[in-house]
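Next, two complexes with chain A in common: one pairs it with chain B, the other with chain C.
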Partner chain A sequence: MGLSRREFIKRTAALTAASYVGMNLPFTNEKTVHAADADSWHKGTCRLCGSGCRLELGVKNGRAVALRGIPESRTNKGYLCMKGMLFYKLMGNNHPERLKKPLYRARKDQPFKEISWDEALDIAAKEFAKAVKKYGNDSVAYYGSGQALTEETYIFQKVMRGGLQTNNVEGNPRLCMASAVGGYITSFGADEPIGSYTNFERASCFFIIGSNTAEAHPVLFRRIMRRKLDNRDRVKVINADPRVSPTSRIADLHLQFEPGTDLALLNAMAYVILEDKLYDEDFINNYAVFRMGKEKKQVDFKKYKEFIKDYTPEKAARTCGGNITPEKIRKAAHWFAKSEGTMSLWTMGINQRKRGVWANNLIHNLHILTGQLCKPGADSFSLTGQPNACGGVREGGGLCHILPAHRLVKKDKLRHEVERLWGIPEGRIPPKPGYHTVAMFEAVNQGKIKAIWINCTSPAQSLPNCDKYRKGMKREDVFMVVTDIFPTKTTELANLILPTAFIFEKTGVYGCTERRSQLTAKAVDAPGEAKPEVWMVREWALRLAKELKDPVIKKCVEPFLGKEPDYELPKAIWDEYTQKLTKGRDNDLRGATYEVLEKLPDGVQWPAPTKEWALKGGTDIKFVRGLDPLADKHAKNELPFQFYGPAHPDRKLWIWLRPQKGPEEMPDSQYPFYLSTGRIIDHWHTSSMTGRIKELMRANPYAYVEINPKDAEKLGIKPGDMVEVVSRRGRNVLPAKVYVGPCEGMVFVYWHDQDEDRMINRVTKDAFDPGSKEPEFKICACRIKKVSGPKPLTPFLVQLKA
Partner chain B sequence: MKSRKKSIEKNRSKNNSRRSFLKLSAAAAVLVGISEKGQAFTIKGSPVKTNVLRPPGAVPEEIFPSKCIRCGRCVEVCPYKAIRPLDIRSGIYAGTPLIFVKEVPCYLCMKCVEVCPTGTLRPISQEETRMGLAVIDKHACITWNQELALCRTCYNVCPFKEKAIKLNELRPVVIDEYCTGCGLCVHGCQITQQNGKKAINIEPIYAYRPVKW
Partner chain C sequence: MPIGGFVINVDPERIEESLVRLKGLAGVEIHGSDSKGNVVAVLESATSEDMEKMVKDIMKIETVFSVGLTYFHAEDEVEKKEYRKK
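Showing the complex of A and B:
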């Protein structure tokens, strides 16, 4: 086998030694890299999903050579998935396709030319200044990302709001968790989950709805699975999903409802809880009120009971279709209510819905009714998809209606407070929220936005009905700056491409799902002339100040002048944000300084008002006296739980009366199938990063459409056949996978593929939730047809056309 | 008949003894020796080995070269270009079809079995296909040999997941009853060993061990 006896013994010894000290030996493609082979190991956070796995980067001769998990971390306990193990291949000079120089073209039909940073920033400043002067402040926009560092989002929105006086600050988290934000604020009065991952090990019932945790959050799924396997009889797992996914595999009960009937299912579970007296009367009396309608009218328990009468399990089972029976709903409700601690988990299946906020509310309702909150193992926990959607965008003010630290733009007091803290004149930040994502790109289509800066995301692929919005991005009178590390579908439409530093090539903080902020410091150099975004924004703002002759723009970046961009600059931004902006807010991060974050193997969960508290890891469960310092501080009575969230002045949890509402587009005779989209384990989002790791690309070279065997038989579709998926908006041709996954009458497509023929967002619908403005990616109507037999397909990634 | 004569000649030119050739073609399964690299048993001279397999429905390897007429229809019909004919250097096996699953695996579209005119590839269904058996190398597999890695690519890409590959406490296990040997897992496997093998490999079934009565 080409392995000498001596080599074999050596390796065995190395493995044994490694297992004693509890480290893992990361792999490269060619050979095993031993832990000792790297010169140094640098702590950081995974760049990919929202789990917040802590890992160490091995660096040898200034080059990234390996990644391994940190066993002391409280998020991943040392485990990593393959994406997390391999993304070092994108760092530094490891990948030849990295963008290395600023690229510019005056017109979008011309080829790109390499230019210097000075020229690039001058052009960006001139174009933005031109738009502001000619068309007003709201003709410029920033579209950011839940993958940008907190420091980056913060400084971008500061310059846009304080400097350019516009609230056109958005980000792709609008596409992924805006409904969860809406749900938490309307139900609990404060954004972000109450508990944390520690509940995985304490819960005795998991209610997983609209989430394929096994593929989207594999490392967290391991913890759920471990809990289930260690307590097979005691721990119940309920999975509610129109598609049988790898997550359903560990479920004791799989509720397969038809897409868009989730609200009826959740209300029916509430019906059973009321009918069988499974609710916690004391908890409701002490902590909850009932509300309904847009005007948030308070109603009593009797009214709620009347409302819920319409959702008998028998009726709901008929509405839900699929495999739902009244018995299954009853069983699920009983398990949910009677367990010692029930943890609900959901992601995009709930959030990306026409009534995503309502669906969130109804999950929270079940928890409030049964008192499954604030106690060990009980939590209503929304998983995030991006590594810094919580920390950077939700907390850092990265959406059009919010300012840093959970402040609303439209509240005069909070807005003026921010202006005062920034040291800029009062009234500088406009009182009207800017465009939300769909409206922003609609405005681009209409030519209302003349200059847009897209940072670290690819809306040309990730927006629903993306063909419609690509038309606007192609307009010659829209100046587009795109900052990214690789060519994407969006850089293809840009005027100016700015190469940025990747994670571990710059310093900054990521805040993961469980309110945990974690620092990643620079460990390797960025390739070519790639630079950290914070430096770009600072230099750009200085030029803007000159162009517009506005000293306030300079004032926005004044505290950061002269700082070295790799560490000092992000540190100064983080200090301003945490020490000034989060002071006295519910996400108080004053204790989580860079020094503290560097000392801890993982990070700090807010609220963390002091360094002492932060050094202990911060707050595990919010709102509980004794566990949360703010609960003690804000306590108004003797009750153990204090719901001090800023959005609920009555300090209560709100149970909402929300009726069943279907999706925007229902299947009809022309388009008889439901179309849903989702993620595969080996790829992440638009696959601009994971697609460039050849091991991952080989495992899943292209997207396919999953079809239920019964539907496939009716339509004469065999596995591997090329199938056309058509909606009112667009068309895809993908290979078929005939698989008992999606329920009958539904097809499912992965959305990572960059090939024009397999880019499913050309087909999806851009209807959005009227509350959260989050688009309904998950449900639209389509028809399918076999177009040919199997065909060999080649994977596709956007390459730079220079 | 002609082709057979030709192959005999070729065989001679390759310096194989006439006796051993006759032994082979005389239907009975004569399985000899362990290959040099300590791999599984193979029929002497047969190109079928780990990750190099006959298309679905193939008759036993002992009679394959005598039954296949080298018409190339299976090669032609394969939409994925997974099936390749062996070239002239392969002695009596020249012209016979093979699938190199490491490069292009078999997607089990079952087109080749429909077009085979001689029944060398018998018309079977997807589930009945037994091109080989996936074997996990637990020393190479990252999920088996390391405490903290979570990879289950082979499970994810398997067309019969939960049947042919199951997860046992997050680690992949092959169930021989259902494995078709299509090689999708081999193709997807993220670990390539120094000797070119993956952490999961398809072993031809017939060659696993010589049969003794």
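Showing the complex of A and C:
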């Protein structure tokens, strides 16, 4: 590279960064030839978490060569993290290990062989049709992903429900977001957060519980940090977590409670709010009711006060252990209630609990009691882990009990409405919800499911107690199709592997944490014969229609026939979904056409019933008259807030009486430690992608077990020693990281590692929340023991055995 | 040789000492800073792996709160990584 060109690129880099913070540099790059860095730039969304960071991909000679953030984007304001910086390495022909050809084997003990797409789709259709004919419609299933595009989830579930007449449609958001969904619906009457990221710049108190935001959502954390640093004295940050993490760095108060005592802590904060009269009586009178129990029985404020009496800060401090004192609880409650705007943030630490929905409810309770909602900076905001768990799976109908646009399967009226909109006969979609995730893989174990299509996720590694469920996936009488871009622990158990196009190699929409739908259009070609899923499903459905002699299956894909797969096809699917299915629903997206999305640097927040509204970016805060068009439309009185969510006919916010409940499995004399799991900044989920970026892999080549120094000393464990982590279900052997991260009595293991010895979901427990059916990944009991001194280890990733 | 444009956020009360530390790192060019603790920097390295290491080293400085990437160019590396059959 010539010096001048290199200098040019360096100046571009400096100018780009300077423009973000309004700094003037003594040089410009105007009048220089811009082609030096890329031929063309393409807007899109980062794929590696739920923040929805927008960026432009620079393409030169058909290859991805550069990235820059989009400063006008309301999600990331142009910033990216290291994962975001490197993910172009997986695109197009940039990575040699991408899956490029359909692969098939009749038996799982045979090697794979390459086949053509025609053969592959014929096989997939024949196997599904065979299962349906012989064992009935519920013997087939789809297991999808919060990383699939909305168009993909939508068309898969349409063919499964309308075509194959089964609600066995699930997805991995069950493992991460289901409790947040349950919490929003039972507390606010409608899924997804009320406010937006804009509250980061307006909040005066952040209550971060069960989220290592700094590592899991680094770009959003940057905004929180900026807010704190610019207003050091005015803005308070409370971090509540059994583990000290990089998020604690900016905290004014760290509440380190023992795992599984979160409900007591939250109720104790409510106790202080009542005792010290910090609640907002008008807000409660106007907008809230109190409820309890399975029957959702309405009770009065007095009853709630009696209930909360059991959670004095003194008693809760004893329950919570760790560093919790009554004074800390009081301080947290006062900051929370008295700030001009309090924003709570949480992720898996709250959701992946036996009582995850309750934990969500208790956070919402604090906001309802104090009126910390619907005003600037006030929000009860769950962060999503995947880029399209909200947009695709929660909104697009990707779970066994929901149809597109927040409709419940079991409601006849809503089901028939969907059938009508699809132009298929009434009664075609069965009234019974399908299997939820754990039940689905249990049904695979029992041989009740005979054919399953797993798309863009790796349950063989990501399910809790995964050995138990791998047994089922290994069965020769269970036919498994797996679509992915790389080999995974799950492709290892497949009969048919279908190579898919990656982001920027196909077109579609992701909906991020803040109800915002954002479009990424194709910019580079997929490698080899990899194809977009929407094309696969359409072609598969046509074959299924023939095999089963069922014209209704064809009817499901009829509007999409003849469309070119890279742009026209996903556009037609998006149009059907938004214009027909979301019309009149709370996530009305009719204004958010591809045409509108293309015009915006980021995207559109629903509700966005019209193009005019969508072009402004949509709805920043739901339920507020004057800010949310549906709040005006559905207004029933003069009050400024209108809680019109579909699940609460009384149009009220519900304050719940929920008692403390520990985890399913408590430490005991045999298994004396709590085991918790989570992520590290460089890796994402099962590391099938980040593990293949060598920079990220070398930075963290294997998982560790983090042990508190006091425990390590008692057990004679030194840094780097090989330590056995054993539960009632399985065993890992990992190197130790002795570190004041986890509290005493608790160990923490990263879950990305694919090595059999270090795959922690062999050890975790598959207990789940009875409401949301989300597993309790965050807590189980284990014992640990040093097995040897440090050992040289090699990183491991599944390779294709063709 | 990848090139990255970054905004590094340092503790606004300890800007000077942060700049000294940052300037001490090889491959880091500082283009400016402001009173809020925003530091505009260009990082240049032999491989993007080295870039990642540099970012990690910067994060280790205790007055640094975050490292935000705004622009990244790696064309040479992509060219080198062409996996041409034959």
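The working rule: the second predicted complex is superposed on the first by the 766 of 802 C-alpha atoms of A that agree within 3 Å, B and C clash if a C-alpha of one lies under 4 Å from a C-alpha of the other, contacts with A are read in each partner's own complex, and residues count from 1 in each chain.
Just so it is clear, a residue touches a chain if its C-beta (ideal position, glycine included) is under 8 Å from a C-beta of that chain, and two chains touch if they have at least 3 such contacts.
Please read these numbers as outputs of a predicted model, since none were measured by experiment.
After overlaying the two complexes on the shared chain, residue contacts for A:Pro218 are found with chain B and with chain C alike. Looking at the shared chain after the overlay, A:Pro792 reaches chain B, while chain C stays out of its contact range.
Contacts of A:Asn93 after superposition on the shared chain: chain C is touched, whereas chain B is not. Residue contacts after overlaying the shared chain place A:Asp230 against chain C, while chain B stays out of touching range.
Contacts of A:Met85 after superposition on the shared chain: both chain B and chain C are touched.
When the two structures are aligned on the shared chain, A:Asp37 is found in touch with chain C, with no touch to chain B. Residue contacts after overlaying the shared chain place A:Arg63 against chain C, while chain B stays out of touching range. In the superposed pair of complexes, A:Pro376 makes contact with neither chain B nor chain C.
When both complexes are overlaid on chain A, the residue A:Arg698 reaches chain B and chain C alike. On chain A, the surface patch touched by chain B in one complex and by chain C in the other comprises residues 1, 15, 25, 68-69, 71, 78-82, 85-86, 218-219, 222, 225, 229, 249, 695-696, 698-699. Residue ranges of chain C in contact with chain A, taken from their complex: 1, 3-7, 9, 11-12, 29, 31-32, 34, 36-38, 40-42, 44, 47-49, 51-53, 55-56, 65-66, 68-76, 78, 81-83.
Chain B makes touch with chain A in their complex at residues 37-38, 79-81, 104, 107-109, 111, 126, 142, 145-153, 156-157, 159, 162, 167, 169-170, 187-192, 194-195. Across the interface of their complex, chain B is touched by residues 1-3, 15, 19, 22, 24-25, 27, 29-31, 68-69, 71, 77-82, 85-86, 215, 218-219, 222, 225, 229, 246, 249, 680-682, 695-696, 698-700, 718-720, 789-792 of chain A. On the side of chain A, the complex with chain C involves touching residues 1, 6, 9-10, 12-18, 20-21, 23, 25, 37-38, 58, 60, 63-69, 71, 78-82, 84-86, 88-89, 93-94, 96, 214, 218-219, 221-222, 225-226, 229-230, 249-250, 694-696, 698-699.
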